[in-house]
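Two complexes follow with chain A in common, the first pairing it with chain B and the second with chain C.
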Partner chain A sequence: MSAGFDLQATTRRGAGLDRLGVLLAAIVAAGLALQPFCLFRANRIVAAKPVGLLSALPPLESQIVLGLIVVASVLLLLRTPSPLRLSVSVLTLVLLAFAIGRAGVYLTPSSNTYARVAPGGGFWFAAFAFAIALADAAVRLRMPPLGRLALLALIGGALWLFLWSGACDALSILREYANRADVFWREARVHLFLAAGSLAAAAVVGIPLGILCVRVRPLRAALLNSLNILQTIPSMALFGLLIAPLAWIGAHVPGASAIGIAGIGIAPAFVALFAYSLLPMVSNTVAGLESVPVQARDAARGMGMTARQRFMEIELPLAFPVILTGIRIVLVQNLGLAVLAGLIGGGGFGTFVFQGISQTATDLVLLGALPTVALAFAAAIVLDAAVEMTRPMTSASARKSKSLFERHDE
Partner chain B sequence: MKGSALIRLLLLVLLVAFLLTPQSFRPVFQPFAANGAPAIYTQSSLLALTLSHLAMVGVATLAAAIVSIGLAVLVTRPAGREFLPLSRSIANIGQTFPPVAVLALAVPVFGFGPIPTLIALFLYGLLPIFENTLTGLTTVPHSVQEAARGVGMTDTQRLISVELPLALPIILAGIRLTAVISLGTATIGSTVAAKTLGEVIIAGLISNNTAFVLQGGLVVALLALFIHQGFTSLEARIGRQAGAMQPAQ
Partner chain C sequence: MIEINGITKVYEGIRAVDDVSLKIGSGEIVTVVGTSGSGKTTLLRMINRLVEPTSGTILIDGRDNRDLPGHELRRAIGYAIQGYGLFPHRTVAQNIATVPKLLGWDKKRIESRVDELLALFHLEPSQFRARMPHELSGGQQQRIGVARALAAEPAVLLMDEPFGALDPIIRGKAQEDLIEIQRRFATTIVLVTHGMDEAIRLGHRIAVMDKGKLLQFAAPAELIAHPATAFVADLAGRADRAFRLLSLSPVVDLLEPGEASGEPIGAQASLKDALSEALWSGRAALPVLRDGAIVGRVTREKLMARAGQPQ
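Coming up: the complex of A and B.
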């Protein structure tokens, strides 16, 4: 990501205006002027009534919030230093979260438990613009991996504190959460178990398979081709197709049902995710081992290392960043695909997504979709940083082109 | 190579035959249908579902290709270069959005039916093409660029007759990725009432009928296989034409 052009600092021109800032300020202005800041429903299913920013909060508060947003937009508009832009974006995002929480409290009549307040287009547009500004500032600062992790921890911590403090409890999505807090955490655990458990299983099986593929040439094409074909089966169908065989195993193999193998529920979802994870694991292990420079192998041989030593001390460590990239691809992909487990009774956040879709309850969809997106997002940032830290410094320029497409380029 | 081409041809014939006369394949699927349930999906015509599925993927992929190639060209020109690092990280982060979540989030805004599916497919399809076009355009060898400048080509001429042709195989690989991913993702669109082959799979999941899941899944998988194959051979042919000028990948 930071593999950019050194020219960028010098090519920023314009009459004291930042071009991205102009675009972002326009998005904020259009969002707040043309879209409601939040949506008010008298109960969960009636049509929403749009509420603008100025009427969503008590008069003085709304003017202060609007004023601060205007100031922040102007700071982005001008060519301000990157650290300032970073802090302004973070603070404005916090302000927006605070404002939407306050709007929920202000708009909901105190005795009414049916009324719902949800963020509207204006809120989402503004949040999007400042999130982009945040990303832009982080890119311009060329934050080192540890810095990015610290920023992620800071934002995650702020978000957690915010939700925990109850400042947003009046919002509709948190109302949905309050109604099913126990279920939510159970599904969260299931979701994480599905994504991370199948990744662990795929790593345990896939990395040795990858090593084997490098050693045994004929195996390589056959294995990678069949895994490729597996990848083309649509995920929904694979989930469904595993139901019958797993039901049979659960019913006929002694002890299988005791460890949770059954036709419906978590088992088919786990197996399907495992199957999809194998290709990136195997192909990245192969790619990693093959990227070890011949000189390094020769030098190790010249030093009199045994084949085993060469493998453990030279080849595997050098291949590790690429293998880790495979793990990153798999984890992000699994966190998303695990949503589909909700379709076959496998649990996870998909339960809320598909319940919400069938009841046309937007808040319920969001309750499932937002944590999924947040998890995938956080996993990508953490593992990208890890990949960057394990990569030798010399390949900094090759870093970017390697990071995303290993799965598909095979 | 000859044998696998024969197998592909056979699969294609089988697929077309199945779509035209699904009932004649009843004996194949009967064993998978539990206790006398119908073996072949008849609620809507499989052929119509397949065509609608393909049309949706085609439209979304085409739109995504036009927009993302345009954007990639824009951020690699001197005027747009300052957006390059940012657009790279947006593309990188955007890929982490699960397609199901894109679909789920599009429903509240656009309602049920084909529109949210098309939008989710379009948005999700932008990233692989954008990323690959960027890679293609930024890895054109310096010497080639210099030579093009040396023979007096303008910026536009260089873009159209040097950079884009050299990047074409990588761009096509991006379009292939998008098309194959969209093909699978479109099945999920049926949970929000889009007319795709996912309808068959969902009907099977709901009524516990493996035969339906199998036929829906197989048709999608075969389509993905053919699209993948078609693009790969196109990429190979264009790559050969570019010949020695092709940058090392």
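Coming up: the complex of A and C.
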């Protein structure tokens, strides 16, 4: 791989500049030059004072950090081997995290509990650029599914260790967290329950519906079209539409209000997420079952498998990767959509986002938004790996031939 | 023995198979040939009841094929199709073991049967057992498809264009393998094809179908010499029927004592090859070689006489 890469690098025309690297280096440079590295507020809601990288840290430290970021950007700018790009990106992200943590401590006057230090545009630009470089290097390395899971676990573990160590405790977002630790974890559980619970319900209902659609042709168009229409209803409108019927159920069905069914709160959020999840579940089940090769079906029947054996042993296993892709779509979509539950008192990370918006407290918004993004990202990586591992066509040899093919037009 | 009596299949008013009757002897290879839409595949699929007939009966070894539930009947009959239909999520060994597993064979017996079949089809068991279908070439997939059909030692094997997707050289080899395996196990084979060459090469007898009707059911030589209808004559090929006829018999049939010069021809080569060689090299006679010794000659005159329409 690396030998092939070197050969390519030397035979390529022009200077050895990486196209994506140019863009990323420009983002880092623009971020650090034009945007503050962090923002200082005397208290939680007053206007922020921008602080550049060189004043955010003690002089020597800030110069070292700046120097390292410049070196890392140059390494991305040049056509360097993927393993190097991967390690440079990871190390720079760690460096940025430590730097912002240090800035929090350095800028906050001791014994001042009102002052807040938050990451500024410069930090976010740089973090974004190196995160993209990390993802790009991982893709270029064509890591096998288990390798990607290991990388994810490593990054997650490092992040947890870093937060747990207290290196960033002086930052405003963690101050917001410290004030609300109990609530944070409660809302995290609600968020996961909303996203995963509605997915589970959609799978339990949607997969059998998909199977039914394949068997009963007339049902198929009717059901898929109605789900399509449901999908086009804006989420806010759907919440509104659900208030009346759910309030009625809560008031009139015995025991319904005891399990939380009411016009607002968790019930309409759950129902809305469930409704949005149905279409991907049903249509992916249909697509999966229809992707089973006709000859394999015919051979299974011709060799004397019963209808049940054909379904359980041939059709379902062959459709499974596509159904799992549906689950991936739904989970990532739900983790994001569940934020809206915060609007109607349904809980979840959206609670912080909407509280933050109403109080114009950016840090509080971030306290809700960042975990949501991280969860959706992690879910996508885990399920993509699972899909790849369950697909019979993507064994080691198939991947090899695919990568050989792709390298030509890289 | 398979007895097909007045079998008819009507699809939406169209008679896909129209009152077809024929008897297939045990250990016989019968090829069913016809254009697409002739009903040949439907006829084949009614034997193992993948398609239920509208009327008529099919007896296999004297028993009506409706005596057993469809899936049990099909477990007793081998089935190989164009495109092979290997299960992409199962290994080669698991694919071959499909029917034995359905029949509840014990693990040891299944394993030894799988290895036996792989060896029979010239695929090294230790190397191929654990492979996935997409890791095989087309020819290898085809062999696994036939091995799978033969796994439970069926007395009858149904094949629907089994060699359709192979290139000519691999196809020739696969046809030879099939002939050899059929000789060894005396399996009764019904093979559907659209190619007359394949039908002639493999079939002890050939059933020609058109628009759902059976036009002629006869041995290859009879079919070429006395086609029942103009359609059969067209299908058998008017232009090269003389050579088709010659291709059916070996040189040894026309062996006579005597001398001839030049490169000898094998006793088992076809008369067609012998005539071609005689014409090409401009010789009136070719020496015939059997087991490494010249045993006589074959003359161009007799070869040409044999190519004429039989009386």
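Some points to look at:
Just so it is clear, the second predicted complex is superposed on the first by the 379 of 410 C-alpha atoms of A that agree within 3 Å, B and C clash if a C-alpha of one lies under 4 Å from a C-alpha of the other, contacts with A are read in each partner's own complex, and residues count from 1 in each chain.
Quick note on the criterion: a contact is a pair of C-beta atoms (placed from the backbone, for glycine too) under 8 Å apart; a residue touches a chain by one contact, two chains touch by 3 or more.
Because the structure is predicted, anything quoted here is derived from the model rather than measured.
Look at A:Ala296: by the touch rule set out above, it reaches chain C but stays clear of chain B. Once the two complexes are overlaid on the shared chain, A:Thr306 sits against chain C while remaining clear of chain B. In the overlay built on the shared chain, the residue A:Pro234 is in contact with chain B alone; chain C does not reach it.
Of the two partner chains, neither chain B nor chain C is touched by A:Leu95.
Of the two partner chains placed around the shared chain by superposition, chain B is the only one that A:Ile132 touches, whereas chain C remains out of contact. Of the two partners chain B and chain C, it is B that touches the larger number of chain A residues. In the superposition on chain A, contact is made by A:Ile243 with chain B only, not with chain C.
Comparing which residues of chain A touch chain B with which touch chain C, the overlap is empty.
The part of chain A that touches chain C in the complex is made up of residues 293, 295-306, 309, 314, 317-318, 392-393, 395, 397-398.
Contact residues of chain B toward chain A in the complex are 32, 78, 81-86, 88-90, 92-93, 95-101, 104-105, 107-108, 112, 128, 131-132, 135, 139, 173, 177, 180, 183-184, 187-188, 191-192, 198, 201-202, 204-205, 208, 210, 213-214, 216-218, 220-221, 224-225, 228.
Per the touch definition, chain A reaches chain B in the complex via residues 1-2, 4-5, 7-8, 11-12, 19-20, 132, 135-136, 138-140, 229, 232-238, 240-241, 243-244, 332, 335-337, 339-340, 343-344, 350, 353-354, 356-357, 360, 362, 365-366, 368-369, 372-373, 376-377, 379-380, 384, 400-401, 403-405, 408-409. In the complex of the two chains, the chain C residues touching chain A come out as 48, 50, 71-76, 79, 81-89, 98-99, 102, 132, 134-135, 145, 148-149, 158.
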